[in-house]
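Got a structure for you, written out below as structure tokens; questions coming shortly.
Chain lettering (A, B, C and D) follows the sequence in which the chains are written, and residue indices restart at 1 in each chain.
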Amino acid sequence: MKSTPSSKNFYQWFDPRGRSISSWGFIINRITALGLSLYFILHLIMLGQLTQGQQAYDGFIALVKNPIFAVGELLVIAAGVLHGINGVRIGLTSFGIGVRYQVMMLIFGAVISAGIIIFFGFRMFGGV
Amino acid sequence: MSSKPTVLIIGAGFTGCALAYDLTLRGFSVTVVERGEICSGTSGRTHGLLHSGGRYCVNDEEAAIECIEENIILRRIARQCMEFNLGMAVAITQEELQFRDNYQAGAEKCGIPVRWMESSEILAREPAINPSVLGGFEIPDGTFDPLRLGLAFAASAKNRGAVFFTYHQVDGIHVDGQSRATNITVINRHTNQRIQLNADVIINATGAWAGKIAALAGVNVPVIPTPGVMVAFNQRLINRPINRLALPGDGDIILPQRRMAVIGTTSFEVEDVDYIPIDAGQVQQMVDRAAEMVPAVRQAGWRGSYMSARPLIQSGTDARSLSRTFKCYDHEADQGLKGFITITGGKATTCRVMAEKTADLVSSKFNISSQCQTSEFVLDSYRTFYFRQPAL
Amino acid sequence: MQSSISPKNHENALLWFIKLLAGGLIFGLLVVHFIVNHLIAPGGLLTFNDVVQYFQNPFVLIMEGCFLTTVLVHALLGLRSIALDLNPSPKIIWYLNRGLVLFGSLAFVYGIWLLIKVSSMG
Amino acid sequence: MIEITWKITIRIPRQRQDEISAEWQDFSVEISPDETVLDAVEKIWAFQDHTLTFRHACHHSTCGACGMRVNGVEKLTCITPIREVTRNNGTLRVEPLRNFPVVSDLVVDLSRFFEDIERMHPPQVATNRQDNLLYEPVADESANLERLVDCIECGLCVSACPVALTDNEYLGPASLAALQQALAASIDTAEIDLADHHTGAWRCHSAFECSAVCPSNVEPGYRIMDLRKQLMQKNFKQWFGGKGKRA
């Protein structure tokens, strides 16, 4: 039947309509988890270029200095910050700490994350 | 008789569910049809007072005795859906205070254990009560969860073989040439399909709707639906049911339920009970009255208002009176229709004894001399009603 | 009915705790990683020589090795958890477990080999 | 007193038991904004379409039968006034709860749900102290008096839970909260091991939607986190406590 639980419903994980603010913690954590995993694999492969010698690596680095890659890198940083700071919230609540204040922690975490992301944004693009 | 006699009960309110359980224990093959969910009519919408009989001990001794007897039984068999912290009947006015001796005498006569409390004790126990309270009785009132009381009876019946067809609307009652009601047609509201159910005896346990169902079989049941309004507040202002120390009237009771306080009730007559609009004036009147007992209801947040249509039986009819508090019509005796019985009236607290009396009547029709056993066992968990397999 | 047979358990306090612990360690290591890779190196990225130089420090080797391990553990346990949300059959869980262990081991060996290789290029 | 009447459109997915998909049907209803969504649904049934099926019983939030999705949010419809969810001439989508099989129209099959809760052996009645959440103060004079437990088993939490969307085996917020409640009331038959499972407390991913939609102060999210804490404590004792007590 239509609304029985099914793995086919997975896309609804990411549907925030009608959901409370806490769901953003879940949605962002899940998206960043998948994104960071993908990045991690790419990162390992990229570092493999090191073994190809100086020319290959420096050539590669010159390529990724392109602003498009820099945006991508900022996204990775943003994902890491969001996932990490929300992770602290989830870790704490898992030990029963601050469960009552989880919404406050989420908002507080989001503000801090935004600050860090903006800092890195300026750092990377502000000087150019 | 080689096979079990079959009984068909129309209506799964308190009466229908308790009757299904009683008849199943006595060895009948029972089928219950209900047009909605269990207790989706009047039963579900009661205020949930487990009567001690205190409310009736002065002017209706018989009802009071029935209440205290059933109160003690239900507390044993249906503990799963009850809050029992004892209740109070408090005097706010001098007039009510003067009612004290009358009340005490009535309670003693009916066997209701009561104890007088001075205002200091009342306020220590229930700080939300009007500080100008003059005193009151401690009485064995309790609160029950309406749906779960019905479900517990239904579950116990179902686990012992009764069959429940919820969401089945009765469409017609067939009366044969010998003027015997032999079968009914019902519409399965989930599928819109019509099915026919046969039975040796058909019992109309539809409460305020009893007149309408009886009319399908061509008999007359003089029931007037008499709704009352109730208001729930989102704060558990008190931990025990609080009554006025007076004869029953509008807005004279406030009772706890989960984290709520519920006040009740009023009384007026309507013709159609499928949808009863709530009268804002009545609600206000009742809140004003309840605030005399517990002033904090004025500040408490509104949670819900609702109507519950009691089945009031027109007086002066020749119905066989099994008790003055409820009526059981054997339509063979009163209108010559065999195999059709109507049970209506009563209150939730007395649903078990209503079922007992009705089951006695049904048993006598089949010359079965069986004892009622419903007061002997603790009811099954109400959740088992929804189990896919019987939980026994 | 679920009540009669309890299905085999695939997640427990230990796995949860490891994920949490790894997450916490990553948090700490990441701060160091960020500082070294983005704040100390001009322009944000290191050149080949800088990288090789950087990996001469045994402390850096240990740190990056730990980082690799914790990220792997945390990421694979996390992905497994998401996979379990999809209510896979026991058979799929069987393959999933082995697949993740295999991938994790390969990635670990590859990462460590990379560390040693790069540090030996100096 | 002036009676205000709003005219609203209510959209309900209609579905018979044997049908695979639902078809939307619009009903135009005239109703006071102070009446509830359940009143509106009952009005449709009483005056417009007697074939409409829905669950309801107490109409004051103690039975939990009338849980539905109103404009995509889980609501106990008997305590949801029309004015809170729409405006005059507005449209209201009323749907059955998610994550349960639909029987017909707005009625869902809760058998599995009740079986799972029953396995947790939660008390139906507890003292005020046991029933309150750990952080809630309780007045001395009422601490040991009893009340029906907060959970009304309406299923809203399961409908709102993102994990329950995909995982049919997940016990879900209501059952886990019931287990926590059973442990809090020191019920002998309550087994914490039921939560120590991939279908139990470890399946929760802290979206806290259950607590957000709960109409009855149960805070399943809080209770699941408390279960996790208990499981951690129990396991820490076993790992590091040496003579950790075996259950």
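Here, contacts are C-beta pairs under 8 Å (C-beta built on N, C-alpha and C of every residue); 3 or more make two chains touch, one makes a residue touch a chain.
Worth saying up front: this structure is predicted, and the values here are computed from it rather than measured.
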Exercise for review: If you tally C-beta pairs in contact for every chain pair, which pair wins? Let me know.
Suggested key: B-D
**Study point:** Closest chain to global C-alpha mean, per-chain Cα centroids
**Key:** D
Check your understanding: Cα centroid separation between subunit B and subunit D, in whole Å?
Key -> 26
Practice item. Report the inter-chain centroid distance for subunit A and subunit B in whole angstrom, where each centroid is the mean of the CA atoms. Key: 58
Check your understanding: What whole-Å value do you get for the distance between subunit B and subunit C if each is reduced to the mean of its CA atoms?
Key -> 63
Point to revise | Centre-of-Cα separation between subunit D and subunit C, whole angstrom | key: 38
Revision key, fill the gap. So subunit D residues touching two or more other chains come to 112, 115, 166-168, 170, 205, 228, 232
Exercise for review: Name the residues of subunit A that each touch 2 or more other chains.
Suggested key: 5, 7, 10, 30, 94
Revision key, fill the gap. Multi-partner residues in subunit C (2 or more other chains touched) are 1, 16, 85-87
Exercise for review: Quick one: which bits of subunit D touch subunit A in the complex? Just the residue numbers, please.
Suggested key: 15, 20-22, 69, 71-73, 96-102, 108, 135, 160, 162, 164-168, 170, 205-209, 211-213, 221-222, 225-226, 228-229, 232
**Study point:** Complex interface listing, subunit B residues touching subunit D
**Key:** 36-40, 43-45, 48, 79-85, 124-125, 127, 143, 145-148, 150, 167, 169, 188-192, 230, 232, 236, 239-240, 256-260, 262, 274-275, 277-278, 280-281, 303-307, 381-388, 391
**Study point:** Interface residues, subunit A side, partner subunit D - complex
**Key:** 1-7, 9-10, 12-13, 17-20, 22-23, 25-26, 29-30, 89-90, 93-96, 99-100, 102-103
Practice item. Could you pull out which subunit C residues touch subunit A in their complex? Key: 16, 20, 23-24, 26-27, 30, 34, 38, 43-49, 51-52, 71, 75, 78-79, 82, 85-88, 107, 110-111, 114, 117-118, 121
**Study point:** Contact set on subunit D toward subunit B in their complex
**Key:** 1, 3, 16-18, 34-36, 42-43, 45-47, 50-51, 53, 55-65, 78-79, 103-104, 107, 110-115, 117-118, 124-125, 128, 139, 141-142, 145-150, 152-153, 216-217
